[in-house]
């Protein structure tokens, strides 16, 4: 059956649900009614959507780290530390990579090894293996709202377990947790699986429990032009809304040019709202998240603080609803609690110093127009390809290279498009592949890149893109030729 | 110069594709015959590809932190598959967290890896090591 | 004799010089001709003015730390570390506080104690006590240009010794090294003493050795409105130019609001050039320096990195010629070499990431107009009070409170003016004292402050200023009421 | 309440005036009779002012790093001047560099200071200590 952007019927949903809950023994502990009751017992201060809505109303930017370790107690200690010593407004539970691939047996080995060696041998928290009761232990121990962050193509069981466990926010989506996170999972599959996750969110919503959903914005985190990630975010917002999701945070990974970044956050919010309304979803609250630079970091911690701060500045000046924080250990490995808290404190300092400042609207005008025009080209073509259905259109768009994410591992991504920075560090598109841009937009991109090529006295090429990939880790934004 | 063959890829459930794409580009430009398996490569896939291509070296990348779990037993599997003595390199962010590199290197050498590289090792360093270990020279014309 | 902005005659200069060189035994080692020869032997790479001119031409921002310890060898080690591990483009030698007060005997005790205890018991390098040969040891050991940074009201002997020692840049001025750095030294005295230092610079200049001079921009470093520090910087530039100085770097201490900071650096350069030309000094090269936040810092190092980065961003986006760097130890004490290098690397990361970005001119317009209008009010009144002579006018302006520096220790400063931040964090003036502003400018300042007062639902007052003094150290820019 | 008198100032060649101005404001609001000597105060000046004003306590600030050199012998000079047992406080950035506070405290206590405060001590802390040591209460109405 071909994929459609259509709400799953109860019959469809509960039919699938039987097999989902059987994927791993812990699935049997999930009981919806009892889970609703648990959620209703939570104080407002632990509810993600409430805190986001409040932040949006007050135009402040909340800070949230990434964090997750193998064992429950250690994970609670870690989160408590980040809450108390880092001042995190929101906390995550990052899931390990085996769980993300539904390799629960390997996750089990990781847990055992972690117990044995006394250090986390997993790069995240294996929530499925731990099960509902353990997840609730985390929720009960922490004072601020909690979100699951992962990168799981088939996250259905995970969603069931952590929702039942009391998590009030959940990252991911059928595109954003496939193309950057998988090699050979068909897009129809992940979109369908994420319809399940979204429908489950809708079911909670209908029971009076508003769980926040966050399409994963930064994709590969590596020179992704705003219009590309905007298109994906908006599609996932539409898919989620169709399943009954009412509280959505759309995301964007900082590119590094301030004007482009601020314009990106502003247009991300306005375009998402525009498309939601256009397609009849009128009661969804949209908030935004900026991810501090998601590409390669400098190894030196002092330099890393510089990168972290610049991401914080972009978040504050664009008044994103929240910012996801990197740490001074980023280039080296999963951070210690201490390093993670340092990233948070550095970020909070910058965010709160800048909260009363903004970027002049006039200076954003051109960049906003470009992002809007590009994003609309992409989305309109997707709808066209799907004969009006965005789920179908998305699958066909990826096949056609109409949606194309740079440096992605998935074989369902064309990988024809090549981005490079322009002379001011904004990310532009050198090789269009099959992006359905107008001539004006193509000319604009190439004109900007030409300026740089002239300045650097070299041709724009794959080598230029490589230089840009390394640039920030080597202390620059634009990867100028050496020597 | 006779072209040496290398098999490369990112091991385990790891999807970090950026470095892999760039390494492929750099190795090819440096005159190697590259079989790039991309991301999420199992030990078996490396070994099968190495047998098929008669490779001189297997270059394992691991970025996401599970390298230690994923790499265990690789040398033994190579031996069993008849790839006795094949050069094994590993590099990237091969353990969870920031750990003293000499300890990490020791553990991976004990697992049978010939060369172990820390986070952010530039392609030039890897290529220099390959030239040395394989006793070959850079190609006359490199893409610069 | 009343002070005049008039070049010292050779007779006057060499007459004074006799007593200056006798202030401490090391004075006798100064020999001008031999010093010229030493300077001429220096490679271009060690000459401050050359490096600055080049940076100005290329619109890049150089980084420079503060640093100085008691003993020569330790000082060389420190600077070498900052050069090699910090990547400093320019290096300083910060002079200790006893030397700044000409208390050479106490400095001598500090040196002895430092030898005994094995740690620097002085907060800087006592160059006068060490003498010319020791200073040259430093110059010979370091590869980048060197500057003396101090805060010395009567710096004549120090100037003689370090110029003879081969330093190619020198901070300070008759106002900026008096009012924030002394309690009871008359302004006539310090202006006259700095005319000596400037004339000495002029004499080197005439011998073909261009030594860079830098009026000290940030003054008390605490909520100094741009127009106040601009007025002082421009006066000191005029005083220096009259004595034959040809290479001047005017400075400004970051206030924290990006628009105000960028507007400040731009207007500082243009106004200085304007006034120099207006008064007939047509061959002076003017460059700019932004000082990262000079007021109280947060104690936490991660937060301090946030403050450092924001100062770096202001420097980069305003294209200041150089930036003076703080360290993560700022709130605690004189930094270790390691902490100092961290500050440098963090700064360099941000500076070079942002070097290809600027702030939109349009958004700077209003703020530039205000700074220019305020600065001209101040300067024109100074000229008026001095009957056209800026040296005399300056002395009278301070007497009258026409120039008034907040939180200054000097009894020759009126201390009537009180600054507070506005609702966007820009520094404005609440209590004018005797500042000669037009009604429009007063209304502008008060209007801005009223906005904030309304927002905070309290009256603007000294308490508001106190809250602002503490704000950055407590993680904010604007000192909002607690609770 | 009988007003207690304190003599305050920044010692040595130190010109850090900001904290001094704020402390003066805070001490006055807290009900003390303050003789503020400002910056660059010598030991003799504190002592003379304390004798003249019949002070209960001398509050020494040092920010610039030379505190250790500047404060030596202060207790002895007080004793000689007939100020035996007068309360001596010191605070600010009283040594050069970031040093472990307990060691610093110890050295200054050995020099005869009754209370030693680290960098960034808020006025409220100092005032609470003064109330305690002088056995007085906050004034009824504080400027808030």
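As written, the chains take the letters A, B, C and D, and residue 1 is the first residue of each chain.
In the analysis below, a residue touches a chain if its C-beta (ideal position, glycine included) is under 8 Å from a C-beta of that chain, and two chains touch if they have at least 3 such contacts.
Just so we're clear, the structure is a prediction, and the values are computed from it rather than from any experiment.
Peer 1: Report the inter-chain centroid distance for chain B and chain D in whole angstrom, where each centroid is the mean of the CA atoms.
Peer 2: A distance of 65 Å separates the two centres.
Peer 1: What whole-number Å value describes the gap between the mean CA coordinates of chain A and chain B?
Peer 2: Chain centres of chain A and chain B, defined by C-alpha means, are spaced 30 Å apart.
Peer 1: Between chain A and chain D, tell me the centre distance in angstrom, where each centre is the average of that chain's C-alpha atoms.
Peer 2: 54
Peer 1: Mark out which residues of chain D touch at least two other chains, giving numbers and ranges.
Peer 2: Counting only residues that touch two or more other chains, chain D contributes none.
Peer 1: What kind of graph do the touching chains make: line, ring, star, complete, other?
Peer 2: Contact map by chain: line.
Peer 1: Can you name every chain pair that touches?
Peer 2: Listed by label, chains in contact pair as A-B, A-C, C-D.
Peer 1: Please output the residues of chain D touching chain C within their complex, sorted ascending.
Peer 2: 12-18, 21-22, 25, 38-40, 64-66, 68-69, 93, 95-99, 119-120
Peer 1: What part of chain A is in contact with chain B in the complex they form?
Peer 2: Interface residues on the chain A side: 96-98, 100-101, 103, 106, 109-110, 113, 119-123, 151, 180-183, 220, 222, 295-296, 299, 329, 331-336, 339, 407-409, 462-463, 466, 469, 473.
Peer 1: For chain C, which residues count as touching chain A in their complex?
Peer 2: 256-259, 298, 300-303, 305-310, 312-313, 341-350, 352-357, 359-360, 362-363, 423-425, 472, 475-478
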